[in-house]
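Report on the structure given below.
For clarity, chains are labelled A, B, C and D in written order, and residue numbers in each chain start from 1.
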Amino acid sequence: MPGSATAGGFLLVLAIVLPVAGAMLSLVLGGRYAERIALTVMPTGVVVAVAIGAIVWRTHNVLQYFVGKWDPPLGVAFRADGLSATMIVTAALLICGIGLFARAQFSLPRCVEERAPLVFWILLLTVWGALNAVFIGCDLFNLYVALELLTFAAVPLVSLDGRAETLTAALRYLLFALFGSILYLLGAVLLYGAYGTLDMVLLSGRIRAEPAAWAAISLMTSGLLAKAALYPLHLWLPPAHAGAPSPASAVLSGLVVKAPFFLVVRLWFDVMPRLPEHAVAQVLGGLGAAAIIFGSLVALRQVRLKLLIAYSTVAQIGYLFLMFPLAVKPETGHPWSTAAWTGGVLQAISHAFAKAAMFMVAGLIAEALGHDRIAGLAGVSRVLPITVFAFALGGLSLMGLPPSGGFVAKAMLLTAAVAAGQWWWAVVVLTGGLLAGGYVFLVLVRALADASEPLNLLSTISPGRQAVVAVLALAAVLLGFVPLRPFELLQIGRPDIAIGGLR
Amino acid sequence: MSSALDVLTILSVSTGAFFFLAGTVGLLRFPDALSRLHALTKADNLGLGLVVLGLLFQAEGFPVALKLVGVWLLALLAGATVTQLIAHIARMRGSTM
Amino acid sequence: MTEGTLYGLCSAVLVGLGLFGLIMHPEPLRKILAFNLVGGGVFLLFGVVARKGAAAGLGGDPVPQALVITGLVVAFAATALAVALLARLFQETGRATLQADE
Amino acid sequence: MAFDIGLVTLVLGVAAWTIGARETFAAVVGFVAYGLLLALVWVRLAAPDVAMTEAALGSGLTGGLLLGASTRLARTDGPAAIEKPSAIMRLAAAVLCTLVSAGLAALVLLMLEPAPTLAPRAMANIAATGLSNPVTAVLMAYRAIDTLLETVVLLLALVGVWSLARDRVWGGLPGPYHRADPHGLLTFTAQILVPIGILIGIYIFWVGSVAPGGEFQGATVLAAMWIIASMAGLVDAPPVTRRWLRLALIAGPALFFAIGLAGFAIAGGFLAYPESHAKLLILMIEVPVTLSIATTLALLVAGPPERAPAR
């Protein structure tokens, strides 16, 4: 039976258990050990993630696991296809980078436990476990629990410093997230009522174009959009992402908002591939386009560097949703063999690396200067050359200039738009690139200028942290060397293979 | 035999329900907090007691009867405590709530 | 109309009512309250699905019933976190609103 | 049916009151009533397990939490100080929400009867779990991973709540101080009620494998007893840095994970139980899980550390 558990499926369990167990151990042993535990779990987690990726790549098949040996619809399945594996590896690498970077900020006092470091490491590990659960989840309710876990780990990261403005931002974030999850759950309930299962693979075989399915997909998509902060549901994002400590901002902007996006992709292309109509997909694309233009324009007007980067996230999330109008029901082949689908996924990954690096740059600058006002950046490239260089590398991805992952992603979206005769998306991609160029250069011009008076540094930044940031930014650049066409890894386990031998 | 018990149940539960109704009317119509509480608790304790009594006639076995009486006693305890606390606050505020 | 359908209609109204409160109430505490109200409606709909799936000698499908229990616990956790955030915000600012003083 | 119509009318009326009430406190009281009425609805829907959870957690503990918050925040600006959304916005939202309701109502009317169900499958496999309450079988066996993740969710919510402590009181006692009044009525009530309540909580948990009940319902009752005792000043929460407290918090999920992982060796899969020992293993998970959930729920209601540790 093709739908049985596969060898190596236990790795999927480990991908969730390891970080969560680390978080619980940190809670028991207390603040003094939290950092050490996190730094032990991280390399192990990367090994698991890479192993998952390697198995999926080598066997050219999905990795599947039935928890408790109960197969769906009664039990819950975990399932990693090429897309999941890619996201899992991305998350593992990024979390490691962020962990190394955060050591200096959340290092531990030797004698007494302190609140912020303890909480930070526990939350970081839990975010990781929850992300893995989202990426391999195959059951809509299991995914609901995973999404809530992700939310409860992400929200306190925002208000770690306990200032009134970050508390407000965290509360608003939580309320938006709860609004999103309740709509998502409502959709899942409707699907169970109509088809008697919550398993995505089984659903994809049973679903038909009828009112219940339509209502479910609309409700779930709207809920997930609120969590992914797609315009006009983005209001919570800039204060939350800009207010969090910079390692936390990197996690939130780089990874956490990608989880709901990932689920929208799953819903539209895996669960109900035959359902979405072009008109509905155009609406989603339209919101994406509005996000790109609006987010970029507002980013241009920001005074503080972190807010600029946060608004740029609003814009970059918009690109992700351009894949829907271009990949839904293509004239030839499957949605996931289109350039747009690959471009969208690649945008998610390269933005993760680029944006994480840029938030860390902002953190380093704020640590060194004591502020992150863009107008006061003059001379900073002299004292933090590697850091400013990393910002520029990340900026390449945002603008979509070669060589960078962002370039490949946006080029694919562009060609897909032209090929599909939907030229308006091409205009949006190009305009967004120009505007991104505007706000990146706005920062770089200030940073590269000579200071009128010698800079007064509050603290020196260790070369190690600068190196971490540079490596992450470099990763976003290296993604630019993947071939400019739909590539194989992302295709593994797409429904055309799975449906062939439907269980 | 069982029909006689049924009649007793109906009588008892209906009387209980009447007391609940009276208590609710009192809660809504009486002028100040203390007399409202008075109306509420008197009617509730008695009303619930009568409902429980009525159900006792239908109870299958001793454990069930014990649970029913237990429910009534716990409700009495909780009701009395909460009433006392509310009355205390009302007196401190000196308001008519 | 069966009683399942009746409660299903009830849940539909509850979801609408709660969503209105969640979107429109300016006070965060009322939003939290409304979130719980919508939650109740959504869970109720799941219960109706379970009731309509009564089979094998059971009064309802146990799977949705169990999921509702899980969902109730998650909703409580969300409420506790939201209330704690709000209380701390109130401690800091003396306000319990989402208005930023910018 | 007449009873059901009356109940639905009441539920909707109380729900409308909860949304529409001017005073937040009144709205919370309405919400508690709403929860209790919903518990009745769950009984009518033949879901006694859910009814108990709704009454204990959805109405009781959530209600208590919100009541506490509404009195704590009572000194805030009146509703007048808060910007109300414009009439057009309200109208738009009302139209949107009415549409959602109407759409859902239509879907309810279109719903298949009988609906697709997993009940036969759940019953066909129940012997392998050693349980006879199918809802507990779903929670502890078929979908144990959900329950496991949910215990982690609760734990994380608590970490989130604790993260809101001020730095200088970290390591201190959670929640406000309750003065004990040895002759007070609350103390008297607590002294009688708490032992009975603990007994009931344990009973509800214990009976869960064969009858309605289970660890969540039992744990909620236990947590409520702790809250009553602490309100009466009979007990106080320990400082959040205590090792044994932290152990109590993670004991449930940790043992759940451990037995789940042991399943690889003894039953060939994560969270799988060998048929001969399924009931024992499930019980071994449930006992610490009940303890951990009860502790977590009680501390979630207590809130973040507020009082500096005594020196």
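As a convention for this text, a contact is a pair of C-beta atoms (placed from the backbone, for glycine too) under 8 Å apart; a residue touches a chain by one contact, two chains touch by 3 or more.
Values in this document were obtained by computation on a predicted structure and should not be read as measured data.
Participant: If you tally contacting C-beta pairs for every chain pair, which pair wins?
Facilitator: Counting C-beta pairs in contact per chain pair, the top pair is C-D.
Participant: Averaging over Cα atoms per chain, report the distance between subunit A and subunit C in Å.
Facilitator: Subunit A and subunit C have C-alpha centres separated by 27 Å.
Participant: Subunit C to subunit D: how many Å between their CA centres?
Facilitator: 12
Participant: With chain centres taken as the means of their Cα atoms, state the distance from subunit A to subunit B in Å.
Facilitator: Averaging C-alpha atoms per chain gives centres 56 Å apart.
Participant: Residues of subunit A that touch two or more other chains: which are they?
Facilitator: Touching at least two other chains: 74, 141, 145, 148, 152, 155-156, 159, 162, 167, 186, 190, 192-193, 196.
Participant: Can you pull out the residues of subunit D that are in contact with at least two other chains?
Facilitator: Expected reply: 104, 107, 111-112, 115-118, 122, 142-143, 146, 150, 153, 156-157, 160, 164.
Participant: Please list all residues of subunit C that touch 2 or more other chains.
Facilitator: Each of 15, 32, 45, 48-49, 52-53, 63, 67, 70, 74, 77-78, 81, 85-86, 88 in subunit C touches at least two other chains.
Participant: Strictly by the criterion at the top, what is the full list of touching chain pairs?
Facilitator: Pairs satisfying the touch definition: A-C, A-D, B-D, C-D.
Participant: Show me the residue ranges of subunit C that touch subunit A in the complex, using the header's touch definition.
Facilitator: 15, 22, 28, 31-32, 35, 38-39, 42, 45-46, 48-49, 52-53, 63-64, 67, 70-71, 74, 77-78, 81-82, 85-86, 88-89, 92-93, 98, 100
Participant: Enumerate the contact residues on subunit C facing subunit D in the complex.
Facilitator: Touch residues, subunit C against subunit D: 2-21, 23-27, 29-30, 32-34, 36-37, 40, 43-45, 47-63, 65-70, 72-81, 83-88, 90, 94-97, 99.
Participant: Touching subunit B in the complex: which residues of subunit D?
Facilitator: It is residues 185-186, 188-189, 192-193, 196 of subunit D that touch subunit B.
Participant: Of all residues in subunit D, which touch subunit C in the complex?
Facilitator: 1, 4-5, 8, 11-12, 15-16, 18-19, 24, 27-28, 31, 34-35, 38, 41-42, 44-47, 49-50, 53-54, 57-58, 61-62, 65-66, 68-70, 72-73, 75-77, 79, 82-85, 89-90, 93-94, 96-98, 100-102, 104-105, 107-109, 111-120, 122-124, 134-139, 142-143, 146-147, 150, 153-154, 156-158, 160-161, 164, 214, 216, 293, 297, 300-301, 303-304
Participant: Applying the document's contact rule, which stretches of subunit D touch subunit A when the two form their complex?
Facilitator: 103-104, 106-107, 110-112, 115-118, 121-122, 125, 141-146, 149-150, 152-153, 155-157, 159-160, 162-167, 170-171, 241, 243, 246-247, 249-250, 253-254, 257, 260-261, 263-264, 267-273
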